[in-house]
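So, here's a batch of structures to check.
Both complexes shown next keep chain A, but they swap its partner, so chain B is in the first and chain C is in the second.
And now, the complex of A and B:
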């Protein structure tokens, strides 16, 4: 959330009579307080990452130490003894996340365009129904979803789970994309049409490029939500070879053959967390845009 | 919410749209999304109602039993205690999140580079999932070789490592701590957009009228950021009422099933006992409670809005 993200900023209420010296002290106190709080928020993450690179024995004997005595990947290697191994979980999670992003975009972008640039009968009712589904939590329809997946022969399948993730991503994504296309100036479209641009060229050359920030927001939320989702993955995936990273983590915490491998757990947590954090750091203005869109609604 | 106001085509819509030659194309563009929402949302929604009137085992024929599931549910002590526990958790965690997030929002509401940096750090735990966050805290909290136990022992504050998940209140408190750590940044950002939507000249005018900083905040800033406060409240309450991951992972519902939440008990009935009809009836009751809470929150907002 760089300063550019929050365009309006309030001026500090510094009394007029405040001397520069007092300003400096105030500023120093502000920075110290800010960093102290930052430490609280970041330390659990740092501890987990640090311990993932220790020798398994050191993870157990000295979890507090931040710099490993011996940097080692043994904790990561030990994950290979869990189920089908680390890469199988990473592959499954990637399939879920990338699949959800791609299918969500393929459906939400045209839908947002349709709602924004066309008028057809029943449009408003349909749009309100789609938005209303946002208020109904997916937790309350898990049981029938399970039966539907069984009927579609998609129970215990990553593809089935992708379809469910897409469905619950759609209302927000369509809302986001409609707003993104609404923001494209009408005059631009009009003049392109006068120049003889076809419907397809109009969308591909003019509206879609201008709506790209909306696409980035939708893609980012779809990725994070499906990468991190736990309850549906726990219910709908029943074979270890299909498990996603969060399900694997919980299996490690409940212990394999009665033993909890805390070092391997840190390796798993690090692999699960780091992509989300990196994605957020690079695309944070799109993340905030999504939050603010929700706030305005 | 005002989406209906936005959704309606305004009468002054420029002619481009009305001259659009291919109306059917618009309908075609939204059809795939309707298929998804119809098949994987509206259909299961209806099925939940239908299934709740049945004895519906995983294998074997479902049998229509009318309202029997609901009458059994009325007397189901476990279910109601899970609802009561979820309500308690919701009140406590939402208050805790606001108590932390509001000061944070005020702290990072500065036009300074470093404030932007702090915002990013405070927000970071939000993007890691509940699964990773809860397993991470399970490790931090574990008495044998967790970081917290180690720190407490080294500091000499305790003689033996605490075992928070072995009794009710400590278990609830550590889950709340974890959720505050993970979610405070989200509420902070929502409140921050509210703070920044208050025009400077309004607070300036109040200042000139002689209002002190506290009076300015309570009388001017708070009412003007009401929408963000309500949004943060509604989202936090809804998410907490649906809590599952954090209790499934950190406390595993224990000690003695005292931290089983509503969704947790639906999960146990539907996917551990495979009583799908009964689980659907529970889902419906939870849904009704959720809708009632949202309606109540909306009613309060509208009631406050009316005198203006």
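And now, the complex of A and C:
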């Protein structure tokens, strides 16, 4: 071609291609499948919640029904008759969970910072040893732990149990926090040092705010694990006034004249899982970021 | 305000020495650019000045004070990092204020200083934004704002423009110069880009393998490179370096190149011959001293094969090969040359220089 011609096409004139029908069908199938899988996971929770709001008799006679015939809080009232009453269990569980979160963070954040930002002899060995403790099944050392707590006069005490929970929470938490601090770019820290920040200011103003996703993840795991923990709570606590929610749930199933009060049990389960779900929904945004911190630059 | 002195500065990692006893005096308010290929030790030297890197040997003075053991925050320096290193969780205003807060500056004074710095750099409208909401050029400006806000003794720049696109780089280059005129402060600027070095520096320090090759004003480096390394590093395209052997004497004095071609040495280049300790030398000639016709009385023809002809509009670059060596000529834009053909390129030996092949040092 000797002559080249230029012409501008107008965007309005260009016919757009229609999305093929097969793509719509694929998408619809994809969504239906997604809903089906979600339903499998969600249904037990929905049933628990639904049954907890039925009349106790209906809970027993018609557990499958999703919408209660008569909405009632009787199951929750029955729950309050177990042991020292519902609030006592909730209070104990909150103490355990919040206590575990606070103590875990107080230790794991500085420890993770130290492992990430300082170089000291034996650093790797110490870190591996800390991680290695994760491999010991917790059930296998319950007896020695119990003996230690008795010696420390912390048996049958919520504080003692918090310490146990913290012990088992720490390896993962320190690992998480180290990764979170590792993900903070070195240049930021150097910049802050040139800006005259002290070690404390550096951690509080620069690295910790940037490692918050890690903190959120650690806090969430510590909360969920201690809130739901059953075996240690059952073994270390011997007075009913100190029982946590998971222990109460067992008492509900076996407590009343050897007969299981299904309605009260569902009410207990509902109350137990509400904080977990709320916490997870609040922190999930940070949680994902925290887990993958340091995975890619 | 203070100058900066590096005295026998050494950096060693284990047994590997990366900076070999550097000596340099930087005057108060001087703008010095460290330039060199990656791994030449320029960034390490800058980081030692900043206090981010332990000093293995020697001394660093800022003003009259030895700062070897002074923490970075107390050296009264400010540094602009390659990737800006802005605190992502703070607004631009908080980024600027951070260093003042760490120094316990009263709140009212911080506000005034931040406002002033923001105005100087034209970022007042960005003060409430987060770094993630800024463009590359704006981030660069904020990084500079963070440096000037506290009025330090020394500014340090670590390849600050390498993350910007070509156009923005030229613009920011101008801004950094303007800033230096506005707030004259001793400045050490590290870059691998020789154009930045040439355009910005009062003095350029060329580094290679942990040594200083040459220190001088930009044009001095261009016209009188002390070593073949500097000759090959400064200038784009760089100086042609033709290794050969001295032959003949008197009017027959020439340089026999690797492929047997002899280039007659006439004019000022002969001054170097007397300094030569051996016959092995390197002839250095800038592309602009190579033409397609004799330029003046000292033009010496060299037969080459033209490999490449690059018309750039403002000029045409022609690359010819003499054996394995390439000879580049900077020509007028309208020359008609055909790549692949043999041609004669003329070297103006009045503007050429000789280097010792062994020590690589200039002989003129």
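Assume the second predicted complex is superposed on the first by the 264 of 297 C-alpha atoms of A that agree within 3 Å, B and C clash if a C-alpha of one lies under 4 Å from a C-alpha of the other, contacts with A are read in each partner's own complex, and residues count from 1 in each chain.
One rule holds in what follows: a residue touches a chain if its C-beta (ideal position, glycine included) is under 8 Å from a C-beta of that chain, and two chains touch if they have at least 3 such contacts.
From a predicted model like this one, the values you see are computed outputs, not experimental measurements.
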Which superposed partner A:262 touches (first chain B, second chain C, both, neither) = first
After superposition on the shared chain, which partner residues are touched by A:205: those of chain B (first), chain C (second), both, or neither?
-> second
Have a look at where A:185 lands relative to chain B and chain C in the superposition and call it first, second, both or neither.
-> second
Please work out whether A:193 is in contact with chain B alone, chain C alone, both, or neither, and reply first, second, both or neither.
-> both
Could you say whether A:130 touches chain B, chain C, both of them, or neither, answering first, second, both or neither?
-> first
After lining up the shared chain so the two structures overlap, which partner does A:281 touch, if you call chain B first and chain C second: first, second, both or neither?
-> first
Chain A: partner with more touched residues, chain B or chain C = B
Which positions of chain A sit in both the chain B and the chain C interface?
-> 190, 193
Residue numbers on chain B that touch chain A, as the complex places them | 1-4, 7-9, 14, 16-18, 20, 22-30, 32-34, 36-37, 39-45, 47-48, 51, 104, 107-111, 113-116, 118-125, 127-132, 135-140, 142, 145-147, 150-151, 154, 181, 185-186, 189-190, 192-197, 200, 213, 227-228, 231, 238, 242, 244-245, 248-249, 252, 263, 266-267, 270-271, 276, 279-280, 283-284, 286-287, 290-291, 294
Which chain A residues qualify as touching chain B in the complex?
-> 1-3, 5-6, 8-13, 30-31, 33-34, 37-38, 40-42, 44-45, 47-48, 59-64, 106-108, 110-111, 113-115, 117-120, 123-124, 126-131, 133, 135-137, 139-148, 163-164, 166-168, 170-171, 174-175, 186, 189-190, 193, 199, 224, 227-231, 234-235, 245-247, 249-250, 252-254, 260, 262, 265-266, 268-269, 272-273, 276-277, 279-281, 284, 287-288, 291-292, 294-295, 297
Quick one: which bits of chain A touch chain C in the complex? Just the residue numbers, please.
-> 185, 187-188, 190-198, 201, 205-206, 209-210
The residues of chain C that touch chain A in their complex are 50-52, 71-75, 77-79, 81-83, 85, 87-89, 98-99, 102-103, 146
